[in-house]
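Next up: the structures, one after another.
There are two complexes below, and they share chain A, which is joined by chain B in the first and by chain C in the second.
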Partner chain A sequence: MLRLPVFGFYQPSTIEEATRLLAENPASTRLVAGGTDLWPNMKRRHQVAETVISLRGIAELTGIRETSDGGLAIGATTTLAAIASDLRVGESYRALATAVNSISSPLVRNSGTIGGNLCLDTRCTYYNQNEEWRRSIDYCMKEVGEICWVAPSSPRCWAVSSGDSVPILCAWGAEITLVSKDGARTLPLAELFRDDGIDYLSKRPDEILTEVRLPAPSGERAAFWKLRRRGSIDFGVLSVAAVGWCGGETTDRIEIWLGSVGSTPVRCDESIAALIGKPIDEDTIAEAAALARKGEGASPLGNTDFLPQWRGKMIEHYVAAVLREMAGLPRERLAPRHQR
Partner chain B sequence: MTEEMKIKVGFGDTFRELTVRIPDGDIPPYQPGDPLDLVGTSEIRLDAVAKVTGTAEFTYDRQPKGLIYGKILRSPHANANIRSIDVSQARALEGVRAVLTTPDVFEDSTARYAGAEIAAVAADSEAIADEAVRMIEVDYEVLPFCVTIDDSMAEGAPKVGRGNQENVDRVSPRARRRRRGGEINADAEASMVARMKEREKTVDKLFAKSKGVVEGEFRTQVQTHAPLETHGVVCDWDGKNLLCYGSSQATFGFKRELGSSRGPVGAKDVRVICEYVGGGFGSKFSAGREGVLGAMLAREAGKPVRLMLDRKEEQTSAGNRPDSLQKLKMGVAADGTILAYRVRSWGTPGTGTGGAGAHNDGIYNLGEIDKVEYGVRTNCGGARAHRAPGWPQGVFALEQMMDMGAQSVGLDPIEFRKRNDDHPIRTAQYDIAREKIGWDRPRVRGGAATVCRGVGVASNLWFSAGGRGTQVMVRVHKDGQVEVRNGAQDIGTGTRTVMGMVAAEELGLPLARVRTFIGDTRDPQGPGSGGSTTIGSITPAARLAGYVAKQRLLEVVAARKNWPIDQLGLRRGHVTRSGDPVLSFDAACQLMEEDVIEVLESRKANYAGFSDTNAGVQCAEVEVDTETGEVRVIKVVAVADAGKLINPMLAESQVRGGVSQGVGYALLERRIMDSQEGRMVNPNLEMYKLLGAVDCPEIEVVLFDVYNGKSNTSVMGLGEPPIVATAAAVANAVSDAIGVRITEIPITPRKVLEALGRKGSDTGKKGE
Partner chain C sequence: MKEQRHTCTLRVNGEDAAVVFAVHHTLLEVLREEVGLTGTKHGCELGECGTCTVLIDGKAVLSCLELAVECEGREIETVEGLMIGNELHPLQSAFADLGAAQCGYCTPGILMAAKGLLAENPSPSRDHVIEALGGNLCRCTGYHKILEAVEWGAAILRGDLASRPPPEVFHGDRIPGEEVVDA
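Coming up: the complex of A and B.
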């Protein structure tokens, strides 16, 4: 393992100062929050920077507050541990706490932030190796190499979107704010992501993600499951989040999202369509689960742990499990360990 | 001269008398009912605080003044010959202090796996060393390669070895050769083959007579040691003498290796220091090429050098447990007696063929055995001894055969084992394991639901009473200070603590009152931590040294106070007279005329003892999702015997560690080789999956306290045995849960689903 290279380091105390510094040379500057993704990536030379700006000195970027409409606003540098232990999150957005708690280990959750999780670099078995290893295969497209080792005839990179808070926040219809020297813009979180392993965010390099907002609770039910080899540390090879709003007997609105199955979070459009206006029961769940793999972008390839075929099959089982949990049906499945 | 005496041996409430010959100068073993204050208590390990507060100095932490950094250039090719190496650019780089090449140092111009050492550099910083390594230009003759056992055994496979080295070699029964590595002696081989044929026939006849005949083919993976502290050294020369801080499990082994006049280093005097080591699991007996290069770089640079492997190097080049392919057949009589057993097995230890055997023919009485074993060369990093070398893989296969054998004659698996087992300790362990795991509790099993449960059993065996060649020094100072010294290392098993405990017991002192010194070859000779023999080798010498020091101190007291010596003893910090405390230990020391009583005692030979082997039985309970194929180990009951327990908590820790590693071996750990590039795909701890705390099952440890009587401390080592049975017990439990056998570890969801897919067509029962 190489050590960190030499770079300039700033720790501004206001958003304004940070955006100004960032605007100076966005292409060669990187932001760091908890650093649990950026520092290892810089050590392995996945990412290089002349300048690193830490967001940790900006007080207004951290903390959880209630919004005027009864929702919750989470500052970008709020740690994963703070979110998982927040009482309001625990009460009204429990599945978010479950998702956040499934990330790595307590140590990483103590320093890793929600902003960093949303902006997390995409991942791939051929990419998340040390520099010497990558050099000996002449790198790949995501870096300076020519081809994609996972799909050699493919013109694009398929590295995997792996932030575990992403699917559940998308399902909840969360919004984010991006701020640059020129002003702020608000967009649905789902629009932050692009289906490209290299250029995976629609955020401009001169923008800082400042906040993610959850809508006010309105009687919805939600659940989150994550599949991986071990019960901690490991990144997911599939995460499933569902949030459903049922006024009476039938489902008014439901969102089902998958993570870690492609370069972008995936909305299970057909499963959702199959459930709207129907009661959630054994039959409708089975039907919706069987349609989940059709979600556009759900294309497990051989670039994570486990065989892609198996991961593909698991989508149905895990979507069914999540919907069952949401509907309060018995589990009948070996649950992931973070579930407890 | 030896003294014959009667001792009590046994365990629980069953002891028998045994007449043994106690070697001259030794003291009799602990006896049931002996008044012991320390031995048998769960003292907190002496290095606990240092380790958790970070003050313990590991090799990585050593920073002699002027330290510079070593780095190794490794082959990117799986099989190559080195035509030439140009180090001129690297040498010219500012800050580079020394450059060495493998052909020069080891007279080896081959690179037979991706990761083989090619050259090494020492420089003022790690960054410069790294840059210099990249500047070395190597001209390789790149050859075709095999990185899996199947590729290597295939017809027309590329040759891994050089010269007359075949890819596959029969290692047992071994062919006689005219000289080492030379041609096979044809006559001897012909008669060997004839004998093997005979054996085959005998066993075939017994199979024909058997009521149940079962057959299976089993595979196990390559497991790396993955100690948290990687291999490496910090070397500092003083003229021709070498001071080597080494991450070691054999300080004296390192010393011999680096000091040998026939070796490339050939230091005049070597002092090895290893106060703390972050795990070895069998891979740190030798200083290895990294140690040799570290020492030579330091000599050439004229500065102390740190050469520690990084994680990738550790995973590819610092050893592993070989894989195995085992084809087994067992014949069972109607009453459950095993009549005959056949083994054909293959394993790859890397580019050689030795050391990849699987112990699949031990533990039970297996009747007539016909075993032939082969070593297979592959272009992969070499094996090193790994916690119970050969046993976990062999027992994984053997114990499944035991289950299949039981089934073939309609016996309960545990009953079947008992019927073929006469170990005096293990036979008492089965029922305990059975009860603690709830063997007979009703469960949804056999694949009858989405989530099923199952239980499995497996046994282990070990031979670790320790032996001679160790000395311990005890010093009692006039100011009351006590030192206990041995130069061997404590690889985490608690050697330092138990050594202190047995000596302190003799001196009647609390453990905190003695200072223990370990891991410095200036102190008396100690064993390498192998074969779980460390405790059995060191504690008898430590106890004897403590005893002799006590006698010497009491002689002083007797003389100065005019008390009859045979009335005196040491207990609870006091000299006792007829059992009553009469003088504090410190006051007694004050009576000494000399400054110090110094005693050096040797480990004496073993006596007959109760049992030459120690035993264990493990039961596992698992939960399996038959749709996703996921497996969870819920609980493991480990019944273990470590002879006389010096410190039950430390013993229990060994069992927990072994079981955890065994569960990881059963479900997770696996070296993955890329057959196109010939490299290891997962040389890091993110992709090489070790068992984590969350995945660790509940482990219930049941320890037997056995007065084994093989040495004066009666102890048997426990480092290795607990890992032997775990994977086998887990595999048997999975088979119980899903109703079909899993014949390959690690047990991944894919394998479970495939096995379920096979169900019905193959229940593992053939030839009945």
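Coming up: the complex of A and C.
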């Protein structure tokens, strides 16, 4: 048996109680909801904690409700399965349901939560291994080691941000709420992430992510595509999300985001600039896709499945596919099928 | 650090089991080591293989990634609870009849994932079955017989014995799920 290390366990029933418990010793405390990321990490001793606080017993953190402005607010401990099967999500935010339904396997989605997917630990070939394997290379800088084995001359860690709900929620302009003992703050989801494999969240250790909010639908079209080796279980090695608002023939506003290409979700600034004010057709799609591959941050390294060069090439194909789906153009299947 | 121990009653397969365990123990460990139900298998224990699948409140989840302490007051179902009296559950008989197990290590998890699917969708299409079993690995069978057995088990459960699986799965002249009558 691969056992969890010993820790103290708390099951608070209100957010106040949880923030108070968390504030006692935030550095050595971890929060858990579904446990599908934390427990494997703790079993392999990647992540350690003296105290674990479960958020499952807090009723106000679960569920999906409509907000006063017509959008949706999703509680942080709402399971991925509940989001993927929610009728309001399916009707107005279908690409989010597609993205959420592509995460791991149905068994994991029955426990795993949206908050956990947003705060998912960054991943790397040299990190997500068992303890003996990691000890044999004297660990890496994400743990107690000295260097980054992916880029040995690099001063920083390049572990990959792999949350599949992240690009589509960023593209939709989602907001999150972080609550601590001292109060709550709201920020755009995109500002939760930092471009560093070790310190990858701007959330303070004493804060709890309580909610993610989607703006009211306003005639946008959206699409999500994901690349991985198998059609289930595997973490994605590339996810692409686009949300576009088109008044008439031309694009008023568009957001294209990449996931699993670096330590942070990447906004395709050049591709977006190239599409604004233009119709989405074969030519503009080809241009935007080529720009996405050359964009800053979109340079996969050799620290996940598949060759980095090939993954870089696939950025172009996947951005094109996402834009084609968004524009209602015919497209070919590039990857394992995910249920929609 | 000292172990924090927990005493509670877990509801497993419709029966109460009084257990004492350390709070950092998973449901898988408690089911196998405290309750004594070893039908639920341990594989990767990291959420990648699905052999430890059980139903909690009717939903198929991985018992290696659930703390037992969080399962208090919830309805847990393992492969030992599948049988209806002395009769095999239709999924079990379909798996046996169609030879959908080879080494059998993944079978308990697959049976529970399939039961979770059939509770939500009594007539799943092949795509639905593939999707629902997407978290369960089998290294022996190649999956075809497993998929056929789930469909056949679903047909027996619906009482729809006319919708047979494709003829290539029959070996000999016995129709799976039907009673064998000795001459």
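As a working rule, the second predicted complex is superposed on the first by the 332 of 340 C-alpha atoms of A that agree within 3 Å, B and C clash if a C-alpha of one lies under 4 Å from a C-alpha of the other, contacts with A are read in each partner's own complex, and residues count from 1 in each chain.
In this text, a residue touches a chain if its C-beta (ideal position, glycine included) is under 8 Å from a C-beta of that chain, and two chains touch if they have at least 3 such contacts.
Keep in mind that what you see is a predicted model, and the values were worked out from it rather than measured.
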Would you mind checking whether chain B and chain C clash or fit side by side on chain A after the superposition?
clash
Is A:125 contacted by the first partner chain B, the second partner chain C, both or neither?
first
First, second, both or neither for A:54, with chain B first and chain C second
second
Tell me the contact category for A:11 with respect to chain B and chain C: first, second, both or neither.
second
Let me test your reading of the model: by the given contact rule, A:229 touches which partner, first (chain B), second (chain C), both or neither?
first
Contacts for A:36 in the overlay, against chain B (first) and chain C (second): which applies, first, second, both or neither?
second
Between chain B (first) and chain C (second), which does A:104 come into contact with in this model arrangement: first, second, both, or neither?
second
Applying the touch criterion given at the start, work out whether A:252 contacts chain B, chain C, both or neither, answering first, second, both or neither.
neither
With both complexes overlaid on chain A, does A:91 touch chain B (first), chain C (second), both or neither?
neither
Partner chain(s) touched by A:3 [first = chain B, second = chain C, both, neither]
both
The shared contact residues of chain A with chain B and chain C are 1-3, 231-233
Provide the residue numbers of chain B that touch chain A in the complex, in ascending order.
76, 114, 126-127, 130, 310-312, 449-451, 623-625, 627-630, 632, 668, 677, 679, 681, 683-684, 686-687, 689, 691-695, 748-750, 753
Would you pull the chain A residues touching chain B in the complex into a rising list?
1-3, 125, 128-130, 132-133, 136-137, 229-234, 305-307, 310, 314, 317, 332-334, 337
In their complex, what parts of chain C are in touch with chain A?
1-4, 22-26, 29, 42, 45-48, 50, 53, 59-62, 64-67, 69-70, 113, 127, 131-132, 134-137
Footprint of chain C on chain A - complex, ascending:
1-9, 11, 34-36, 39-40, 43-44, 50, 54, 56, 81, 104-108, 110-111, 231-233, 339
